[in-house]
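Structure, as structure tokens:
The first chain written gets the first letter, and so on, giving A, B, C and D; residue counts start at 1 in each chain.
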Amino acid sequence: MQYFGKKTVTLIMTLFLVSVAAFLAFQIIPGDVVGSILGTEATPEREAKLREELGFNDPPVVRYMNWITGVLRGDLGKSWRYSKSMNEMMPVAELIGDKLPVTLWLAVLSVLLIVIVSVPLGVFWAKSRGRAADAVFSVLTQTAMAVPSFFLGILVTYLFGMVLRWFTPGGYVSYQDNFVGFLGYLIFPALSVAVPKIAMTARFLRNSLLTEMSSDYVRTARSKGATEQRVMYGHVLRNALMPVVTFLGMIIAEIVAGSIVVEQVFGLPGVGRLLISSISTRDLPVVEILVLYITAVVIVVYFLVDIVYRMIDPRISHK
Amino acid sequence: MEDRVGMFPKNENPMIQIQNLSVCFGGTEAVKNVDLEIARGEILGVVGESGSGKSVTALTVMGLLSESGRITSGRVIFDKDVLIESGERLNRALYRRYQGQRMSMVFQEPMTSLNPTRRVGAQVEEMLMLHTELPRQQWREKVLESFVSVGLRDVEQLYNCYPHQLSGGMRQRVMIAMAVILHPDLIVADEPTTALDVTVQNQIIALLREINQKEHNAMLFITHDLNLARRLCHRIAVMKDGRVVETQSAKDIFENPREEYTRSLIQAVPTRVRCKARPGESATGTGSAVSGEIRRPVLEVHDLNVYYQEGTNSLFGRRKRRRVVSGADFVLYPGEVMGLVGESGCGKSSLSKAILGMNRNVEGEIRHFSTRPQMIFQDPYSSLNPSRTVGWLLQEPLRAAGRLDKSRQMSEADMRAAACDMLRRVGLDESCMNRKPSQLSGGQRQRISIGQALITRPGFVIADEPVSALDVTLQAQIMELMQRLQEELGVAYLFISHDINVVYRMSDRIMVMKDGEIVEQGDTEELFAHPREAYTKLLLQEDLE
Amino acid sequence: MKKRISVYFMAALLIMTALGGCAGSTGESSEDKSSVVVGIQQDIDSLDPHKATAAGTKEILFNIFEGLVKPDPNGNLMNAVASGYSISEDGLVYTFTLREGVKFHNGDEVTAEDVKYSLERCAGILDGTALMSTLSAEKGGITSVDILDSRTVQVSVGSANMELIYSFTAAIIPAGSGEEAEAHPVGTGPFSFVSYKPQEGVVLAKHADYWQSGLPYLDEVTFKIVNSPDTALLDLQGGSIDIYPYLTDSQAAELSGSFQVMSAPSNVVQALFLNNADETLSDVRVRQAICYALDKDSVNEFVFGGNGAIISSAMLPTLQDFYVDVNDVYGTGANAEKAKELLADAGYADGIDLEIKVPSNYEVHMQTAEVVAEQLKEAGINAVIAPVEWGTWLDEVYNGRNYQATISGITCDQTPGYLLNRFQTESSKNFINYANAEYDETYLKAAASLDLAEKAGYYKELQNMLVEDAGTAFLSVPPITVAVKPELSGYTFYPVYVQDMSVVRYAD
Amino acid sequence: MTQDESRTKVYRLKGLKQRGNPYLWIGLFMTGTAVLMALVGFFWTPCSTTAMSAAERFCAPSPGHPFGTDNFGRDILSRVMKGAGSTIFISSLVVFFSGGLGIVIGALTGYFGGLLDEIVMRFTDAVNGFPSILLALVMISILGSGKKNLILSLGIVFTPSFVRIVRSEFIRLRDADYISRARLMGVGRLRILFVHILPNIFSTFWVSVMIGFNNGILAESGMSYLGIGVRPPDASLGEMLSDAQGYLLRAPWYALAPGLTIVWIVLGFSLLGEGIRQSSGEASDGR
């Protein structure tokens, strides 16, 4: 318990540091935000007014304090770029809240794909050690890992979208309109995200299985007269899957990044695309919150992985 | 071949027969034409050094030979059933009916041989699940029974423990409980005590003997330790390079070894009996006895406490420290060998590290009267930098010394000459100079290691289990080498070992350590003859049998 | 254990088939004959018609809002919220008569108060901040708005300007709505605002009470932001958008046959803008050399498929009365010899280095830059392209004027003076640092003139000055190429950049 | 440093001697062709990479244009050569920068530990879990885009992973028996760090260099694809892909050429890394 207490404190500290870093970093960005917002029609009066409205005239410390207290109270600030109504800007929370399900479902589908494909694949691969299938899998996974997700996205678009016409590239359906159609569309980007990760995970699991297979307790189990099936599913798999949990945690963090690019390829209005467009339009309130949010996701995922690991591995939890 | 078979005392009713067995790994034969048989109620010891093929034989008998191994000749007959016949594929399905139920195995490493993520109770239960029709409700009771039968206590609690929560001895008892729960006809025990401390070792040996007497089953006992085999086994087979050199009753093999190899093996065993006429005793013995009070010591340790930093490197966690050595107090004189004996975790290594300043978390006094004492480690594989050549390794201490003290600076040529000289002294020739450690055998590496420690002529050297990782014959050679160099160079050793016989053979004086305290210290002969402390007696117990 | 695994497989299989099965049914091609999806390139910058500055936003808001007058497809103004207007002799008083029965989307009828509020809001009379600089009181815009009666509004302006009437296209919104919290955009246009989602698009619905009877035809229009110009093609072919107005030439070629592809000149003046204050470029011969070196024909060919209009000065050819063709001065093909000669004259016999900063979000400008850089090399001008983000471009190039050359476009409104005005020496928009006292003088004369023909004469003089000084290397007026689904008809081009959806309908 | 370099060569040669290591051979072949193509591309390409031709737009692959032509009628092969060159060049610099920094920081923190180590570890822990492309994106948005900033930000982003690897190796080895002995001999600290320990981590380090190199290539092309990395007129594989995406139906080869080139390079280097790992693993397991 004390362990988790400590972990939580570290987690909060890290988030705080990241928030400071994000805020500081985006204060020194070159480029006049006000000018950028107003474009070529900017007039000094409008600029001055906007500057006042955005609170640019306060000292940085005050601005940070205002910002962070707002965030803690659930007020994530307002976008500088997107309007909600005629005279109000879109609250960042609403903006992200709208994009989040897309990225989230993409990640969920990808992880699902990764898990349901890579586990049986890894087991089968480990079992076929030394046979022809071993080499085939080795080549296949090495190749799959070398394909960048955006190229894979393009290939998927071409193959499934243009040649086979299984889906309409760009024909994204909002999850509010048609959830099934939404998932149906998302399957393809998820595929692009998942394939290299499936290869990685299967490879990792296979190596983990082989390591476990060569350990002494497997010999013990065999000496008891256990069948190979029993040795695999009763002894080896569980132990081999433990490091895979940590590995999957890393994969999830990477999916968050991978989806940035894949969202671009498939035109998904997710968090990743929002981040890219916010960076290029200097929509700093959005960028700051997104950076903070992604950091939080990554840290929390690691935290959860740690907890899960502790739950399933008696060697740690009982110490 | 014919003759040798004829020499075996014929068993009326052999439980298992190994006939002319040969096993190949790739191109190398690990086991060559081995013939063995064990009668019901008999314990056969197979003794040999590493690589002699004893473990492969055991695994083959159990049907656990790995995929890469191939049986090229012979057969294994278990109670009249032919289990292995060369030329036929290993019938694993057939074997499964015997494994566990009629033959079972106890392995060397009780930690890794148990599944680390399953409760020990469940692991023993698996035997019942696989081979009996017993209803599930009775499993637990049956397992607890078997736990009691191997001398485990608090079995209810133990049932739900994970392997890492048990001590080494308890784990091995669990392994044995697993092996005997179905009352098999054959138990194969592959070095079951090697990973354990001496005192635990004795208990396990006693347990195996008891089981054998009670169950009247056959037992194949694999070990590298001839002494151990003698204490437990009825008959002993000696193996070398995959062959059985000779097989005799335990008594005969010691009294009438027929083969040269067996004889050398027996000689190499550091027994107390043999060591009384220790070579070089007079020289060093008198050295310490006569001039000890006159000469200045090389090392004085007074009231030394050593602490171990509990390793939390968190920002918030308060550092705890644990005392691992308390009140160590001794003096080491030039040219003498001080033995330090104790079981694993008793603080031997912590003490040596503290003396050499590798752990500064100490209280008390350590006074050196020599410069740059060196250390020889147990593992010859990790104590030499693998990316450097032997020549470079031998010269590096000289270079370092030269850098620290300009007066000791040597020319390249001188250093090379010194390295050659040392190479010869440790019994290797110059051709080794350009080799990397990976190209040397374990014994050769330990020789280089010793050479590297002694090349700067330090006043004393700490040798931390320098022979424990080596086979018996090598052990004897290295010990001889160390003694010879000591005479030549007049260096003092602090000689650390868990093996009281090894320490006995090397030392002028002995300290016995237990739980961080030096419980007894004194002259070697005196201490062996009249141990004062109960613990010392316990350590010596095996010979008192 | 084994059983568990097989269950797990079954579940996985089920999920896969469920998802795979519905994959075919994606794509929201509008089968019903009452709605249309228009692909747009950029997100909108504001929902406030007076604050919106981006062309990409204005083209959408055109469907929601109307001014007292509004542009028509022929480049003239037509009456909208006003049914008529008159301008006093001295050009200082405008009197508008409001149309009967014009209703806002919220159902209220447009009143004189609404008009007064809207105009005052634009002019900055309400809070001192003018939202439209041309209407700003300080720049000779509106000084007061008076309600004469419930249907008549009189507007007084600071100085006479024939082109000011174009500014009365400013949207009329309900009085006070600009300051209300959570105000939805409410106007009088043919479509009402339904929803907006950042990065996805805007949905509009038919305004049932629209004053032009019979319009609009469609019940719903969705402006959908396409992923990237590159994938717009896929969207069109896949049926997820019906109209896409920003085709590149090669995309157009690919679509012709399956789509109606139409092309018209835009209202953008694209140029290789040269910073006259730059050390090297301050020499008129260097600037002229660059003009000679350019092969505008091939830029047009490569980037616009030959559909653009080549220009050499700051005027749209579509504004026929004011336009003078000066393409002969430097020619439309490359003249590398002449360029080298001029460079040598200027003391740069070995050629010069030229950095071209390009706003990277504009694909057209990036492509043009690639072509132009290649052409300049022929004349010994070593051009390097420096792509910059839009914000940086505004910062460094447009406002900071810290650059050598840039390729960009100026979007023109309907007034001819708009393009010429910015090249006055002291203009805040004169980002090329063009300085010519004669030009300034002539421009003032043009602005003061109340006679159209006289004004046009001055404007032509200005164009000639610009081209002779090689103030900047104008390239072309890019075409707008639109793909429209075959079933649709009525798509109409405007000389200004708008998407008038009210006239689009499904053919019977 | 010369000594260290000779060391790495020895490792390579040792690897070369190993027959029966298909990973190594195939990896060497693939990386060899890719690097050769890129190197040649620096000096010579079959056609000009910028010359445009209206007549030759979207030519399918043919003997004259083995990879076809693009929307400006430019030869794709030539552009791929240039693009691969710049991608490999950037990735090499990134790895050189981050690897070098990683060795120095990792060695010092790993060996000496202490407060500095604590701080560095907190930092690398935080950075390490963070998706690298995201971090580079944020960094680029602060520094501004362009080749130099791309290299700098990727270099900074990749450094922590090298620090971690080097650090853990140094921690593993600082308590190795032979290092303890070197300390007892009185060998100086820097000499222990760089003469005694460093050569022993090279096989591990070399493998992570390969991985880092590949990550560099993927990150660079990914960022160029997003339009924040290398930008025209510099040819870049990622940028070509993003262009090609628009012409996928009309000219699928335009996307395939740069895409497959990336796969070729990355696969080559990962096979090479695997090969090195196996051969050095065999060497050190040969006890």
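Methods note: contacts are C-beta pairs under 8 Å (C-beta built on N, C-alpha and C of every residue); 3 or more make two chains touch, one makes a residue touch a chain.
Just so it is clear, the structure is predicted and the values come from calculations on it, not from any experiment.
J.: With chain centres set to the mean of the C-alpha atoms, which chain is at the far end from chain A?
T.: B
J.: Determine the centre-to-centre distance between chain A and chain B, using the mean Cα coordinates as centres, and give it in whole Å.
T.: Chain A and chain B have C-alpha centres separated by 51 Å.
J.: Roughly how far is chain B from chain C, going centre to centre by Cα mean, in whole Å?
T.: That gives a centre separation of 86 Å.
J.: Averaging only over C-alpha atoms, locate the centres of chain C and chain D and give their separation in whole Å.
T.: Each chain's C-alpha centroid was found; their separation is 44 Å.
J.: Please compute the C-alpha centroid of chain A, do the same for chain D, then give the distance between them in whole Å.
T.: A distance of 23 Å separates the two centres.
J.: Using the touch definition from the top, which residues of chain A touch two or more other chains?
T.: Residues 30, 157, 162, 234, 264, 280 of chain A touch two or more partner chains.
J.: Considering chain C alone, which of its residues make contact with at least two other chains?
T.: Residues 228, 231, 234, 389, 392 of chain C touch two or more partner chains.
J.: Following the definition at the start, I'd like every touching pair of chains, please.
T.: A-B, A-C, A-D, B-D, C-D
J.: Which residues of chain A touch chain C in the complex?
T.: 30-33, 35-43, 45-46, 49, 79, 81-88, 90, 95, 98-99, 109, 112, 116, 120, 157, 161-162, 166-174, 177, 180-181, 183-185, 187-188, 229, 233-234, 264, 266-267, 269, 273-274, 277, 280-282
J.: In the complex of these two chains, what residues of chain A are touching chain D?
T.: 14, 17-18, 22, 25-26, 28-30, 142-143, 145-151, 154-155, 157-158, 162, 250, 253-254, 256-258, 260-261, 264-265, 275-276, 279-280, 287, 291, 294-295, 298-299, 302
J.: Inside the complex, what are the residues of chain C that reach chain A?
T.: 1-2, 5, 8-9, 12, 15-16, 19-29, 43-48, 53-54, 124, 128-131, 133, 136, 173, 177-185, 196-200, 226-228, 231-232, 234-235, 238-241, 361, 389-392, 394-395, 398-399, 429
J.: Which residues, counting only chain C, touch chain D once they are in their complex?
T.: 228-231, 233-234, 237, 248, 250-251, 254, 298, 301-302, 360, 366-367, 369-371, 373-374, 385-389, 392
J.: Can you list the chain D residues touching chain B in their complex?
T.: 7, 113, 118, 176-188, 196, 199-200, 283-284, 286-287
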